[in-house]
Amino acid sequence: MEIGLNHYLVLSTILFAIGLIGVMRRKNLLLLFFATEILLNSVNIAFAAISHYYGDLTGQMFAFFVIAIAASEVAVGLGLLIVWHKRHGNIDLETMTSMRG
Amino acid sequence: MLEPVNVSLESLNLMTLAPMLIPIIGALLILIIDIAKSNLDKTLYVGISLLFLLIDFSALLSSAGVFAQDGTIMGVFDLMLIDGLAILSQFILVGASLLFIPLALTHKRFHEFSYPEFFALFLFMISGFQFMVATDNLILIFVGLETASLALYTLIAMHNRNKSFEAAVKYFTMGALAAGFFSFGAMIFYALTGSVELGQIATILEANNYADMGYVLVAVVFMLASFGFKLSLVPFHTWAPDVYEGASAAMAGYMSIVPKIAAFIVVMRMFEFLINSGVVWLEVVLYIFVVVTMTAANVWALVQTDVKRMLAYSSISHAGFVMVAILIGTTQANSALFLYWILFSFTNLGAFSMLWISRQKHLPVGQSSDHSYNKFAGMIKTAPVAATIMGLFMLSLAGLPPFALFWGKLYMISSAVTAGYTVLALIMALNSAIAGYYYLKLIVYMFMKEPVVNQDGTVYVANATMSLKTIIGFAAVGTIFAVIVVNPLLEFITAFVYNSGY
Amino acid sequence: MEMFLYIALFAPLVGSLFAALFAASPKTLIAGVVPSLLLFISFIASSILLAYVLQTGGAIHVEMMTWMATGDLYIPFGFVVDQVSVTMMMVVTLVSTVVHVYSIGYMDHDKGFNRFFAWLSAFVFSMMILVMSDNFAGLFIGWEGVGLCSWGLIGFWYHKESATWAANEAFIMNRIADLGMLIGIFLVYWNTGTLQYEQAFAVMPSLDTEILTWMGIFLFIGAMGKSAQFPLHTWLADAMEGPTPVSALIHAATMVTAGVYLVVRANPLYDLIPDVGLFIASLGAFVAMFAASMALVNRDMKRIIAYSTLSQLGYMFVAAGLGAYWVALFHLMAHAFFKALLFLGAGNVMHAMHDELDPFKMGGLSKVMKGTFVMMTLASVALAGLFPLAGFFSKDLILEVGFVQHHYIIYSVLLFTAGLTAFYSFRLVALIFHGEERYKLFGIHPHEAYKFMLIAMSPLLLLAIVAGAMKMTYFEMVTAVLPATEYHIHSEITYWIMTIGTQLFVIAAIAFAYKKYALSKVDVPDGSSDMEKSFIYKLLYNQYYIPRFYENYFVKPYREMSHAFWKEMDILLVDATVDGIAKFIYNTGENTRDMQSGNLSTMLKWMVAGTVALLSLAVVFALAVRYLGV
Amino acid sequence: MLDHILSILIFFPALAAMFGFVIHKDSIRAYGIAVSAIEFVLALWLWFGFDSAVSGMQFMEFIPLIPSFGINYILGVDGISLFIIILAAFFTLIGIASLTDTKNVKNMIITLLFLQMTMVGVFVALDAIVFYIFWELSLVPMLYIIGAWGGPLRIYASVKFFLYTFAGSLVMLVGMLFMAYFYYQATIDPMTGVGVWSFAILDWYRLILPENFQLWLFAAFFIGFAIKVPMFPFHTWLPYAHGQAPTIGSVILAAILLKMGTYAFIRFSLPLFPDASVYFMFPIAIIAIVMIIYTAMVAYAQEDIKQVVAYSSISHMGVIILGTFALNVEGITGSIFLMIAHGVVSGALFLLVGVIYDRRHTKMMSEFGGLASVMPRYATIFGLMLMASVGLPLTINFVGEFLSLLGFYQQSHMITLIAGTAIIVGAIYMLAAYKKMFFGEVTNEKNKNLPDVNKRELVALIPLSIITIWLGIYPKPILEPINNSVESVVQLMHDKAITDEAKSRIPNLIKEVEEVEISITSVEGAH
């Protein structure tokens, strides 16, 4: 069986779904960040595959930018996470409910 | 053997980059100064920021002049697209930023403003938004969006309170999810058309007559979700109240204006060709979004006990109101969007500044939030001028003539009427009436109740300095005398929008 | 002549305003004297006008100024003095002058002396407008004006609950009728294009009978209220709560006759619609007997006279309804004299008896109050219609009219009523002036009224006696504007039989009254006698239960309905709906705000849920497009 | 100066109010009186300069505001609006002169002056949006007056007043936008495909709309106006507003603000939508009947004298509405006259209620009784106003009521007959209230030594009494200009009417008015 574009796309979609589920289910901030990384990276796979399919570099370029942005997101995210942990001693989502209604 | 890349500078048209580069230069300058000598006073950074924003503004003016003469300008491998929308929205972006920066010069010392990084990040953010609106390339939009967003998360967090961190984390996490949605949507568009330029995407889709309607819709769904988040459309709005509450009042006011106008431009570029080529689904969905956002946010705003949170919901509702323009998509509607947003930025920034001016360093004893309604009870007795101005902003937000926002509402509803959306026009009108209640509630507290918490009027101007007062005065004057500027503004906007083909 | 017209009209107004200046200050004699003098001047002016009218046979017509003018409507303040109105003016100014002078004595000790004269003169002014106006709108001004003054005067002793209640009743009941009048006026305007009598009446013959009938009916409804015709009659008896001079002037001589005046004035209209006329006559006959029957048993001196007034108004309407307008007007005039006299006499008695009104508690007063006794007796004789007093000429004439026009039922009713009239009149006289001095039981020391009051009454006495003699002069005068029908019974014998028969019948009734109440011993009724227990007596005594009926079936339901409208409808339905909508919106917010739980996980779920929902919508739509080709 | 007198009339009080901020609070009352007196004199001057023989607009002013969207500052006055303007100036003067509230008197006077600006503005605006601006702005000072100086339920009352009216007028605004759009459609130049935006009322007058559009637009405007009037069943804000408002608030509300609604009917609904006016004539007449009888009954059930007067206002507004929808000269003239009359009388009645409230701090009728002997002058003036209120001839109200009912009689006999019960039911509640307050013995100790009306109160009440009688006897100076303007409105309606029924219901006066030329039959995109 030859691996075609559709397989990549399906993989990408599955990963995206996993990411989504992770985003919804995780209560730990760190794991939540991982889930968002999965989301972005699933898209990268698809971009690379499509790029290859079209023989066009734009997709790969997009993927690079996504990687870069994902990296900076992690930087900012971890920064916030650390501050939060310093102040509260945990990184549990359930404790972040001081504002509501 | 690769051909050597041969690009003439003229074809690059680097001038198109100028407005975005100016704030970046300013930001770098601030960082360099900080490295050279730390612990400089914040006034310096405010001054530098203002300076660069002014330069940015004049650069915009010159590109506006060019646009008025030659029409749309493309540049940098056609990545940059300087059309009327881009120029108008950048005016709003930079203008609102100009109004925001002096708010840093508070009477009380606040943590974030003592860091030069705050101003640097702020300028980076502006440039991010400027990129976002001045292109139709999805990559550049994404990069601009994320640059701005990441800076914004940090700015919120720098307010350095528990609530600010919570707000930043929430905003950040949801933003990351939205970024995922965006990239996924962009991926589908790319898969369908092999291009990431909105113009080309539109051309290709129309060329094959929307053969893959299902996939187009899936892409649209993800884009909608992503920008729904940015524009705080219900049900993607949940971050907004919390973030507004967690951020400083000045920041919240800024957030209610600038990121949204940037998002509106992208949405306009992205969705209007779809609507105009008869994607009924999008029309229906947008209709629902608009109505639900307007109404639900209004209904929630009714029950708030904190003014800032109320204003957060009210901003959501206003965004829903303006979203009507995207749904209708006529020139009049798109012009109404800009008119509305310009007038809204005056008023809303003014309202938030009033909260900002009354902000105390620490939460007063016995109060659960910084700006509870109770805090403003009987304000007319203790701080009459401040109360009057605040009341003015509330009336304007409620859409009471002849204050600023009325004209926006008028033109927006008119565009709905003109396009045949009668029911929508009525819904918009009635929503304004519902909204009247919560704006009125603050007026009632200020003007008709006896003071309960603050017997001393100084608390309402605790944070006042000359610069804050100037900004508020500016906003107030703009709000009252809006009627004078509406006509030139309208003509200007309409010409720009019309000439950009929207 | 115009000057005299204005003097006649405005002198009372000046008097009223003059007295009103002192309204809030303690009693000043001048506040009574000046209006009286002015009224006298008004009387003189009226007399001069009368002389003028008699001499020239023409009318004086003036237009003072425009009142309302819009569209095609043009209403001036216009006044006309013709034979009809001058008669009324004479009656009004004369009786009111007498009453004014009388009141100076009667109200001597009253705190509201000045206010009284202000109201009284204002009343005269309104009445003058009513009779002198040359259009329906002006008539309506006077019409409502007298209503207002009557309200103020009935409720003059405003600290008395019964007086204020009666005042409001009178006003409201009159208003009910006024609505009819107003509609009548509208009908006149939209069909004739004008409200001026002359022009309107000129157009009327060319109009549809149906329209004219409605016009006649609605205008008559107005007349029914002012003239207290059944079923709007209850206010008149209650109006006796006012000071007695008021009763004499307003509720006997002038205001209540306004209805008759209206019908007479509108004679060109009623001539065109004889059916309505017959209805008016029948109602009049009914009221004549109906009211007389109530007078038979009543134990309130003033109410008896009031019912008598009502009854006599019935007579007048019979005449007017049957087209004998001049007869109606003649009886109106004669009646004004003797009825006012009767009331003023009753006022003297009241004063003497310290406001006691029950004649059963009096008796034998002829010894202490000779003058009053003579006057009241003569007035009663006139009322009963005995030769040669005024009533004989005017009232018998009405009987003749009925007879000549072959309305025998009306005739017999009126004849029977004449007997009743004689009976109750002399029942009253007998109870007051003859028999034992029952008042002594109550420790009252009666005294005669001031001399000048009696002198003031004397012109009325004189007229009550001689008015009949003026019949032919009068006939010649008014027939210049009214239909000049003479009512002669064809056979001389029949005429004499009828006249003498009537006189005998009346005398018999008087004799019966004297026998029962003057010559035999009279006890103060305590509800124990057989007569008082009989159904008829109770029915009559309770005024046929009509006031109670009104109270139970109109007033009370109205009050309860009002309350229900307020509490149940306005607050619980209309307002609650409004608030309910607002609350619904607010509660929706309150109930759904938990969506914003503050939990990041939930927020993310909302986002994903929104996306999924959109996705499913998209899929549905895409499938629909593909397979259904929507 | 007469050229700009309308602008001066509008903005002079506003400007004076601004200066008021710097005036010391001890002398603010004198300042307020002076300003409103000047304004009143200006209004009288306007009357003096007004040419009664002209039926059209006078003293027109035009300043482009948003010309690209057809919004311009257009002012003008005709017989219909002239006297309401004078009345507004007059009542502001009287209100300030008789002001007894000493709490925050400075804010009160400044607010009143602002209110005056909006009141005058509404009646002189000839551009729908300018009209709307003043219409909405007038809510704010009133909101403040009720909310800051009112009774215990003041906040509820003021918010209800504001939101209810606000909601209604937003619907009206949508109607206005449609109207402007239709005008745009009708004026599209076939060559360029571009129309003219216009919100000028006089432009709109020239527009003939198809009947179904008229019906919808009429309904949209109706909601805005009906709530303001207020018409049943939209009236429930009024009792609260009146019940809670301070005396001055009630006076102005009853005398002027309510008239905005009825005035707007005549200015907008009738000439713009003649066919719809005829179509809705009977439904509205039935509402008017309900207003007249139902609210009169509710008034009868009240225990609070102020509520009696408040509900009586609604009842009288019913007559005004009826006269307006008579659609003939008599009726409309009558209804405009009744607006003024009701303004004077109900204003005076509220002032009178204020007099007793100042003394006893209660408005419950059960607390009183026998006041006629304690306060005879008060009782007299109250009695006069009461009689005016029940529409006694030779008082100001009668002229209006008579003409209104007379006018409607042409359209329907039965309805007029039922509506005519106004004179009965009106008498019932008013007399009952008067009896409760003034008649009987003085039973309450607190009432034994009440002082009679004082000079300050007389300053307000005497002129009103004089007007009440003067205009009742000699309404001509007012009736004539009104009549001329109304005739042109009626003629315009007749000329514009497209259905046969409307043609026959609206009389043809054969009078020359401006030409009506634009008409549209369908509008694209409007569904």
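Letters A, B, C and D name the chains as they come in the text, with residue numbers starting at 1 for each one.
Note that in this section contacts are C-beta pairs under 8 Å (C-beta built on N, C-alpha and C of every residue); 3 or more make two chains touch, one makes a residue touch a chain.
Keep in mind that what you see is a predicted model, and the values were worked out from it rather than measured.
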Exercise for review: Could you compare the number of C-beta pairs in contact for A-C with that for C-D and name the larger?
Suggested key: C-D
Point to revise | Chain ID, smallest distance between chain and overall C-alpha centroids | key: D
**Study point:** Centroid distance [mean C-alpha coordinates] between chain C and chain A, Å
**Key:** 96
Exercise for review: Could you put a whole-Å number on the gap between the CA centroids of chain C and chain D?
Suggested key: 37
**Study point:** Computed distance of Cα centres, chain B from chain A, in Å
**Key:** 26
Review point. What is the distance in Å between the mean C-alpha positions of chain A and chain D?
Key: 65
Check your understanding: If you look at chain D, which of its residues touch at least two other chains?
Key -> 163
Point to revise | Of all residues in chain A, the ones touching two or more other chains | key: 23, 96, 98-101
Review point. Can you list the chain B residues in contact with two or more other chains?
Key: 169-170, 173, 177, 241-242, 303, 437
Practice item. Can you identify all of the chain pairs that touch? Key: A-B, A-C, B-C, B-D, C-D
Review point. For the complex, which residues does chain C have touching chain A?
Key: 593-594, 596-601, 604-605, 608
Review point. What residues of chain D sit close enough to touch chain B in their complex?
Key: 64-69, 107, 129, 132-133, 136-137, 139-140, 143-144, 147-148, 154-155, 158-159, 162-163, 166-167, 170-171, 173-174, 177-178, 180-181, 184, 524-527
**Study point:** Residues of chain B that touch chain A when the two form their complex
**Key:** 138-139, 142-143, 146, 150, 153-154, 157, 162-163, 165-170, 172-173, 176-177, 179-180, 183-184, 186-187, 190-191, 194-196, 241-242, 245-246, 303-304, 309
Practice item. In the complex, go through chain D and note every residue touching chain C. Key: 160, 163-164, 232-233, 235-237, 239, 294, 297-298, 300-302, 328-330, 333-334, 370, 372-373, 376-377, 380, 387, 390, 392-394, 398-399, 402-403, 405-406, 409-410, 413, 416-417, 420-421, 423-424, 427-428, 431-432, 435, 438-441, 473-476, 479-480, 482-483, 486-487
Point to revise | Complex interface listing, chain A residues touching chain C | key: 20, 23-24, 26-27, 93-94, 96-101
